[in-house]
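Paired with chain B in one complex and with chain C in the other, chain A is shared by the two complexes that follow.
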Partner chain A sequence: MKELQNKAAELLENGTINLLIGFCEDGSKRAVPCFIETAAEANTLVFNQDCKNNLSVYLHKKEVKDAVKIGLVANVATLRSVLQLLSENQLWSLTLTYLTVNGAGELVVLSSAEELEGYVQANFPTCRPEDQEMLDKLNAMSREERWAFWKDQLSECVKCYACRAVCPMCYCTVCTTECNQPQWIKTSAETSGNFEYHTMRAMHLAGRCINCGECGRICPAGIPVHLLTAQMNQEIEQEFGGKTGWSLKGGYALNSFKPGDKENFIK
Partner chain B sequence: MELKLISTTDIAAFFDGLLKAGKVVVAPVLKQSGKVFFKPVQSFAEVATEYIQTTFSAKEVVFPKVEELFTYKHNEEGGLDFNDYLDRIPETVIWGLRPCDAAGFDYLNVFFLQEHPDAYFKARYDKTTLVTMSCSTCDESCFCTSVDSHPGDTKGSDVLLTAMDGKYYVEVMTEKGSSLINNNLELFTSTETLSKERFLAKPATRFSMEEIKDRIQNAYDSVEWKQASMGCYSCGACAFACPTCTCFDIQDEGTQDHGKRVRCWDACALSQFTKHASGHNPRKTQTERRRQRLMHKFKYSVENLGIVSCVGCGRCIRVCPSHLNIFENILSVTK
Partner chain C sequence: MAETFEPKIVAFVCNWCTYAGADLAGTSRTKYATNVRIIRFPCTGRIDFMLLIKAFQNGADGIIVSGCHPNDCHYTSGNFHARRRWMVFKSLLDFMGFPTDRITFSWVSAAEGKKWADLVNETTESVRALGPFTDYKNLDFTQFNQIDHEGIAEQSR
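And now, the complex of A and B:
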């Protein structure tokens, strides 16, 4: 911890970064995202099992972007989202430095996109076992059972859009849900409208979701929405190959085509 | 106010009596996700027992997340037929809400009925009776004692039940409450005033409204707003979980021939909330939006409606994906 705090202070002091996005403890000792601009504040930083938020989502925020040179305290899921974002031609206007802790508990500082790519590939996460277990359970259900499961879950959705807000891949300035001419998605949070929204979101994230699980973890209504995107990702991987958040040149499956594509609808 | 006692063993009979009388009873129900929601129930066995607070508030009963205002349909004569549901709202009892939630109803009443009475809210509210349950436990997000309330507050309730060794102390506050008790009178005995104090939770007091009312006058320009809002992801979780957030959006769903008009919850934290048709957005950044939310609760509603619109239930803190803390924020911007 001390090492992380010292490094952060050093980077802020020598001007490598103007802003550090990390975690500190609130009055109730919970790890919360924090935004540090001076070396003196670096001693409030923490990084432990409690630090779950995917902080890369803040890189889309105007108040953050203004700082340009930014340090990011990140676990591997967060690093993977940045990599995916870079491959989608996002964030290149920022100068990013990443601070993470490897499996051996050592502080690792990554200061270029290439170093980031190398680290992510060497530490690539697999699907969380509890998620895989749930996906297997859902896939083993009959279509009717699965429908009943999601109907029950999605009836609780209030469309607070927290799932969208915490998702680093949801960076559209105007989301489809906010278009009203034409209105693609119902605004009201009734079950059928909730299905429309979550189906749309899963489709837009197919092959782009880096499976950090944040959307499901933070859902106020406790809906495991991350399983929808996780499932889509597995299908994309199976059909088209490739991994999300794996390389700088990754792009994503549903946004690329080859002239020799066996399907002819695109020609 | 009438004071009664009912034994713990008779409480299920009281509950069943409400169902037998044909009332819709909405009570806290524990779902598989481990979260507790208000749901219409068919038996006392479905009611959650161990909960500090429900995830969302009970406001949904009188101000649904999606409320059908009316349906329309073209008729054969070339006109339109309208249908609304105001006369079909059932008698409803909200069971087991907490005193903070009930206090929220006090605010909802002022907001929806004081200046321009809202027919939809009124129709639901008039048919709703609140049977509140005092809090014997609390957590670090609870701060009702900071906003002029407490875990045994009767504010807003029709009936307040307080669990005391083997019995409930029953404070009957209104005529609506009285009629529930009178229909099951054999279950209750009369009592003198009893002290609830030792059966109540002791949430930490973070500030007093007395001091905040003064200090918030100069808070608008505080430099602390930026830090207080940097973590905000700009979702509507806090507003939707809040018992006193009343913003809504009206939407038409359907075609020229038939469809419906619905009212649905909206939230000031969402970036589109104040966006004008011209494209101009007076609250462009999250700093401005978070400030609006907090200033509304602690300053504007006090000035405009004479009532603070925060009841200290702590839901916004519990649901916030980045754990933004309303009482810490209020303290920092009024420093």
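And now, the complex of A and C:
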């Protein structure tokens, strides 16, 4: 911890970064995101098991982008999302420095996109076991059971769009949900509209989601929405190959094709 | 009043192949089921998955999505992109428990008028066997649907 604070202070001091996005503790000792601009504030930084937020989502904000030279305290999932964003030609206007702690508990500082790529590939996260368990359970169900499951879950959705706000991959300036000519997504929180919204979200993230699970963690109604994108990820990996957030030249599965793609479902 | 169920089929077709194929079926005076409503698109690559959802929501019982055979796309690769999207969309719907057997994907070229007629007939029959699509309607106002409308009408007389 001390090491992280010292390094952050040093980077801010010598002007390598103008802004550090990291975690500090709030009044009730909970780790919350914080933005640090001076070396003096660096001693409030923490990084522990509670630091789950994917901070890369802030990199799309104009106020943050204005700092240009930005440090990011990140876990592997966050680093993976930055890598995916870079492969989608985002964030290249920024000079990013990443501070992370590796499996052995040592501080790692990555200062280039290539270093980031190497680190992510060496420490590539796998699907969380609890998610895999749920996916297997759902896939073993009959179609009707799955429909009943999602109907039950999605009827709880209040369309707060927290899952969209928290997602680093949802960076479109105008989202289909806001489009009202035509009204693609019903504005009221009724179940059929919720189905529309979540189908749309999963489709737009298919082949791009890096499986950080933030959408499911953040949902105030406790809907496991991250399972939709996690399932899509696995399908796409199986069918088309390639992992999301794996390299700087990732490519987007739905933006490319192979003449020999599966078509046993087409008459 | 017992009405026989006539399925509503919406067909999303591309302008260059399947629409021309359907045209050929017409000019050849091939008879096929009248349940289909054809919507013409510039290319299968233009067919947004949201349109399929909207069709189901607005009362379609079945959907046909059809375009040029691989390598025949007027825009070179529209159908290849569409094919990937359909695959992903189909597996997503399946994962959400949506009855994907109500969506038929097909390649019909401009010369395949007969194939088009057969496709429409087969789809109509299979959807007829599946019955009306009520899953979407049942998502909302489930309790409202259970209200005894006739009883209320009777009382108000």
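Definition applied: the second predicted complex is superposed on the first by the 256 of 267 C-alpha atoms of A that agree within 3 Å, B and C clash if a C-alpha of one lies under 4 Å from a C-alpha of the other, contacts with A are read in each partner's own complex, and residues count from 1 in each chain.
We take it that contacts are C-beta pairs under 8 Å (C-beta built on N, C-alpha and C of every residue); 3 or more make two chains touch, one makes a residue touch a chain.
No experiment lies behind these values; they were computed from the predicted model shown.
Of the two partner chains, chain B is the only one touched by A:V166; chain C is not. With both structures placed on the common chain, the touch criterion links A:K69 to neither chain B nor chain C. Touch criterion not met for A:R128: it reaches neither chain B nor chain C. When the two structures are aligned on the shared chain, A:E190 is found in touch with chain B and with chain C.
In the superposition on chain A, A:D26 makes contact with chain B only, not with chain C. In the superposed model, A:A253 lies in contact with chain C only, and not with chain B.
Using the contact criterion defined above for the overlaid structures, shared-chain residue A:A221 touches chain B, although it does not reach chain C. When both complexes are aligned on chain A by C-alpha atoms, chain A residues 190 touch chain B in the first and chain C in the second. Across the complex, chain B is touched by residues 26-28, 30, 32-35, 53, 57-58, 61-64, 156, 158-162, 164-166, 178, 186-190, 193, 214, 218, 220-224 of chain A.
Only residues 31, 33-35, 37, 55-56, 65-66, 140-141, 226-227, 230-231, 233-237, 239-241, 249, 251, 253, 262, 264-265, 267, 270, 272, 285-287, 319, 321-325, 328 of chain B touch chain A when the two sit together in their complex.
Within the complex formed with chain A, the chain C residues making contact are 49-50, 53-54, 57, 70-71, 77, 80-81, 83-99, 104-107, 119, 135-136, 139-141. Per the touch definition, chain A reaches chain C in the complex via residues 138-139, 141, 143-151, 155, 176, 184, 190-192, 195-196, 198-200, 202-203, 206-207, 228, 231-232, 235-236, 239-240, 253-257, 259, 261-263, 265-267.
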